[in-house]
Amino acid sequence: MKQLLTTDVARRRLGACLFLGIVLALITGSTGTANHPFHAARESLIAVRVIWFLLIGVALWVVWTLGTGPGASSVTRARRAVTNAVQPITRSKARYGGYVVLLAIAIFVPRTLPASSSYLQQALFSGAAIYALLGLGLNVVVGYAGLLDLGFIAFYAIGAYVTAYLVYTGKELHSGHTPIPWHAPFHLNGFFVLPIAAAAAALAGVILGGPTLRLRGDYLAIVTLGFGEIVQLLAINANGVTNGSQGAFGVPPLRIHLAGIHYTWSLDPLPEYYLLLGIIVVVMIAFSRLERSRTGRAWAAIREDEIAAAASGVPTTRYKLLAFAIGASTSGFAGVIFATYQFFNPQSFSFQASILVLTIVIFGGMGSIFGVVVGATLLQLLTAYLQHANVVPAEDSPIFFGAIVMAMMVFRPQGLIPSRRRSREIRLAEEGVGGADALGAAEGVS
Amino acid sequence: MQIRRTTAVVAATVVTASLTLAACGSSKKSTGTANGNNGGSKKTLEIGFQGPLSVNSPQLGLNAEYGINVAIAEANAKGDLPYTLKIKTSDDQGSPDQGPTAAKALIDDPNVIAVVGPMFSGATKASEPGYTQANLLSVTPSATNPALTTLGFTTFFRLIPNDNNQGKGAADYIAKVLNAKKVFSLDDKSDYGTGLSTALEAELKTDGVAVTHDGINPTKDYSAEASKIISAKPDVLYYSGYYQDFSLLAKALRGAGFKGTLFSGDGSNDDQYISGAGKTVAEGTYLSCGCGDANSDPKAADFVKAVAADNSGAKPGTYSGEAYDATNSIISVLKGLGASPTRQQVVDAYKSVDYTGLTKEVKYDSTGEIEGNAIYIYQVKDGVRTVLGTTGDLIK
Amino acid sequence: MSGQEFWNFTVVGLVSGSIYAVIALGYTLVYGVLQLINFAHSEVFMLGSMGGLFMARALLPAGSPSVVQSVGIMVAGLVVGALSGGAAAFALERTAYRPLRRRGAPKLAYLISAIGASLFASNLAGKEFGRQDISLSPVFDYNHVVFTIFGAAVRALDLVIIGVGLLMLLFLDRLVAVTRLGQSIRAVAQDAETASLMGVNVERVIITTFVLGGLLAGAGGFLYAAKFSASYNMGFLPGITAFSAAVLGGIGNVRGAVLGGLLLGLVKSYSTKLIGAGYVDVVGFLALVLVLLIRPSGLLGERLGRAA
């Protein structure tokens, strides 16, 4: 045991752990001002509390070093036991059983939340569920077809504005305004808008993709980023059409008048959540079938090696356009749900939102439908928790969010629940067989 | 693979440990704020605060929080309420997306009897339906979009004159006192900025002043915009936006040789405009604001000290005073409501509140707009903001 | 636009453009070597500018500084800014990139890790240094008109920014083209595996490249903060623009980054006047898309190895 703690690797790890302790002391310490730039750091670090953080660092180091020793500690054994128990779920028929259990959790747990934390229901709907749907859409583009899209939120915006255009009560609001200055001469029920918004978003995807899809990798990324920015800027600047920064207030909620059933989705987040849950389950089933279809295999071929795919007769441009359209239409759906639930303005469609969707996809596990949904739920609940539970000052919450995302990528680059194909790629890369990179050419030393 | 799994466990431990420690840290902070709590036997009620504390302009949210902290600490120190007050903050990131969740977090907590906020008009539009449904009073210190009081929110009050009032007042002053022939109206493209510039431009046009409009997203590099403004040769530049951006714009304009008059609104009515732009640049700048003369008021100096004392040395900024008044006006209503006021009682009583605060007399009309919405004109003289008077007096 | 206006906007565009160019070099160098977008480079820029700014603020005397003092403060600010940027880039590489490289992570994992690092660094800076704008009172008469071109004034600070920017670009261009370090950077950019077989220490080249980009961004950050101001979230906008500039010129190409930076600076400046400030970024991105559709790998082509 002693030998273990004195190797070179162990010493380097000790350094890393102590560094981590100091960083922890800093981010939980006091807040400073520009006039005394190092005052806050001094207060956080030159104090008794820093000893505790250094001790945490040392404790971590001991766990880390002993945990990876040849005698495989109990921690590792426990982990393996859990993995072995979970594995069959992802493998055999029992998998479907697992899905049913998880669906049951998704249905019943939100109901059992205590009233004092029912804001989590709200976060589940407007944070997790909407972004899960967006993530599923982006997953088709990034995870299946291997195209990096940094402006994905634009399609969500298109869905939302199409909804504001088509759905209104027919009578003007209190202030004498329709949700946005431009509106259709007729008005539709929100459910009929779903396919229209999806089609509009898909069309936008094709219009964007048509000329730009021959760009590869990072060039496509910057063009899509530009597209996202342009859509947001147009929403801000075109006052006469979108109401600019003043946003769209008063889009009527979704409602059903069918065969004697009359129901209106209102402010309560739970019914909205269940509606969205239903849509997400349908989308998940559809996409998992799509992945295994001829189309899915074509995407995989394009992702792995576009030239080889084209040489084998895969019409690459058509399939890439299809991925763009399908992904876009999914977020068009999300836009409709969002717009009928609450007020929105162009702020909702920022570059940061695009980045959040991408983070969800990679954090959850690129290419893994299930991972994306779990990733969205975890990350968005984490955000809501950090902001509202008063564990950390709300203004510091992005520090923790950033650190967690970074730590996740460092320790588990394949994501939370990786697709089987990707985890195999990463394993091979770690063993030194081939590159892990299925996105763009695996050049350089990555 | 074993190594990876262990490291994942390690990572999880770190995260948990840091969050726990942070929790210890922040709970210490909150007891420090409520330092009037020495009885221990009194129960605690909370005043909620919804505003941007991260992502978009967190400083504006923090400014308001400073004011609320002072008001609550003072009330607790006085000790004439049958309970101890505490602040409960809820971050909406200044975004409509987060608004409903932030509101919900306050509504959920039965101890929250009133809310100061939301601060941004967009977040307000998204959050108010929830407050109305929950019958929870919400007093905004800063959301000035004119439409807000016309959208059917029954528990919403606005402690600051809306953009229509300010835009009209500032425009009349520019046209009739400054006798400007040509005005360049620039906004920051936010819901606040566009609302104010729209109102301003409409009134300028009825006053027969030529107006050039432009909008620019907040940036640090205003040099191109400054050249554009200069080549339009306006007598007055009116900027609808916040002081951080206005001070950069002013620096760029004066640096490039702009000779006209600088003018901005309540979002820039802050001493940090002068420190940011520098005294020479800021000299002579006009500012319009629906807020009274806080500077010459002896109470204001105490307020600055109190903010520093209750917020680890911070200075009050834009909306600190309004948030302080909003909290105090709520507390003044609470005094008449006994030991366990209900949310409904608070809303009902607040409708007829009449409280003289630091920035103005707090009194509302039937729609929830502040009464006596006089617009004050300020000018920077010798590096200090001084009040010239209300537009009503100045124009006569 | 009248003649004088045209030249006014040209000067303004070139000044902003040279700062974009300096930042763009960091993106381009890292891309050349690792083929990845260093998303956290904007925070390197931010931390560099904070470092330089704090140094200069500490040195600034109460009265107006003498000529020697002014020069000293500017140089100290540039040096400390560069060093802070370099240190930030070093820390970034070690914490957000190197661990991923060791386990052969997919490219997108780097992107997300960098996004996490960027959130972490900017908000930590906000916590440590406050979330207000931080400005520096003039070190010398910034607005002194040194000379005019066709009636457009060229002012002292603008001249310093363009001058220092050009010097740094020249320095980097020579460094990459002539020195042994430059040779190994180019070797890794062309083919990392072969380079390592030839005895190039790839890890060291990577970290040097990051630090080099950080030094430049930090010095550029100080100039930016001296002209405008600094704040914890200052990195995002110039970062996005500089990244576009790098792509526009041909990412991985040192001269391309400079060309791209200057061009974008000019396009933004002209379109502020001609179209309106709200549409500046629309025009910028449309220009970028058009260029990429005509020349899919940027104006000057992309390889660091070949073009430098």
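The first chain written gets the first letter, and so on, giving A, B and C; residue counts start at 1 in each chain.
Please note the rule applied: contacts are C-beta pairs under 8 Å (C-beta built on N, C-alpha and C of every residue); 3 or more make two chains touch, one makes a residue touch a chain.
All values derive from a computational prediction rather than experimental measurement.
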item	value
Geometric centre: closest chain by C-alpha means	A
Pair joined by the larger number of C-beta contacts - B-C, A-C	A-C
Rounded Å distance, subunit A centre to subunit B centre (Cα mean)	32
Distance between chain centroids, defined by C-alpha means - subunit B, subunit C (Å)	35
For subunit A paired with subunit C, centre-to-centre distance based on mean C-alpha positions, whole Å	30
Interface hub residues of subunit B, defined as touching at least two other chains	4, 54, 58, 62, 189, 215, 217
Junction residues of subunit A - those touching two or more other chains	27, 31, 33, 236-237, 395-396, 398, 403-404, 407-408, 410
Of all residues in subunit C, the ones touching two or more other chains	103, 123, 126, 131-132, 276, 278, 281
Complex contacts: residues of subunit C adjacent to subunit A	31, 33-37, 50, 54, 95-96, 99-101, 103-113, 115-124, 126-132, 134, 188, 192-193, 202, 206, 240, 243-244, 247, 251, 276, 278-279, 281-282, 285-286, 288-289, 292-293, 296-297
Subunit C-touching residues of subunit A, taken from the complex the two chains share	26-27, 31-34, 37, 40-41, 142, 148, 211-212, 214-216, 218-219, 221-223, 225-227, 229-230, 233-234, 236-237, 351, 355, 358-359, 362-363, 366, 395-396, 398-399, 401-410, 413-414, 422, 425-426, 429-430, 435-441, 443-446
Contacting residues of subunit C [partner subunit B, same complex]	2, 5, 8-9, 12-13, 15-16, 103, 123, 126, 131-133, 135, 137-138, 142-143, 153, 155, 224, 228-229, 231, 234, 237-238, 268-269, 272-273, 276-278, 280-281
Interfacial residue positions of subunit B with respect to subunit C in the complex	4, 54, 58-59, 62, 186, 189, 214-217, 219-225, 227-228, 231, 244, 247-248, 251, 254-257, 272, 276, 278
Interface residues, subunit A side, partner subunit B - complex	20, 24, 27-31, 33, 52-53, 56, 60, 63-64, 67-68, 72-73, 75-76, 79-80, 83, 115-119, 121-123, 126-127, 173-175, 177, 236-237, 239, 244-247, 249-250, 267, 269, 342-345, 347-348, 352-353, 384, 387-388, 390-398, 400, 403-404, 407-408, 410-412, 427
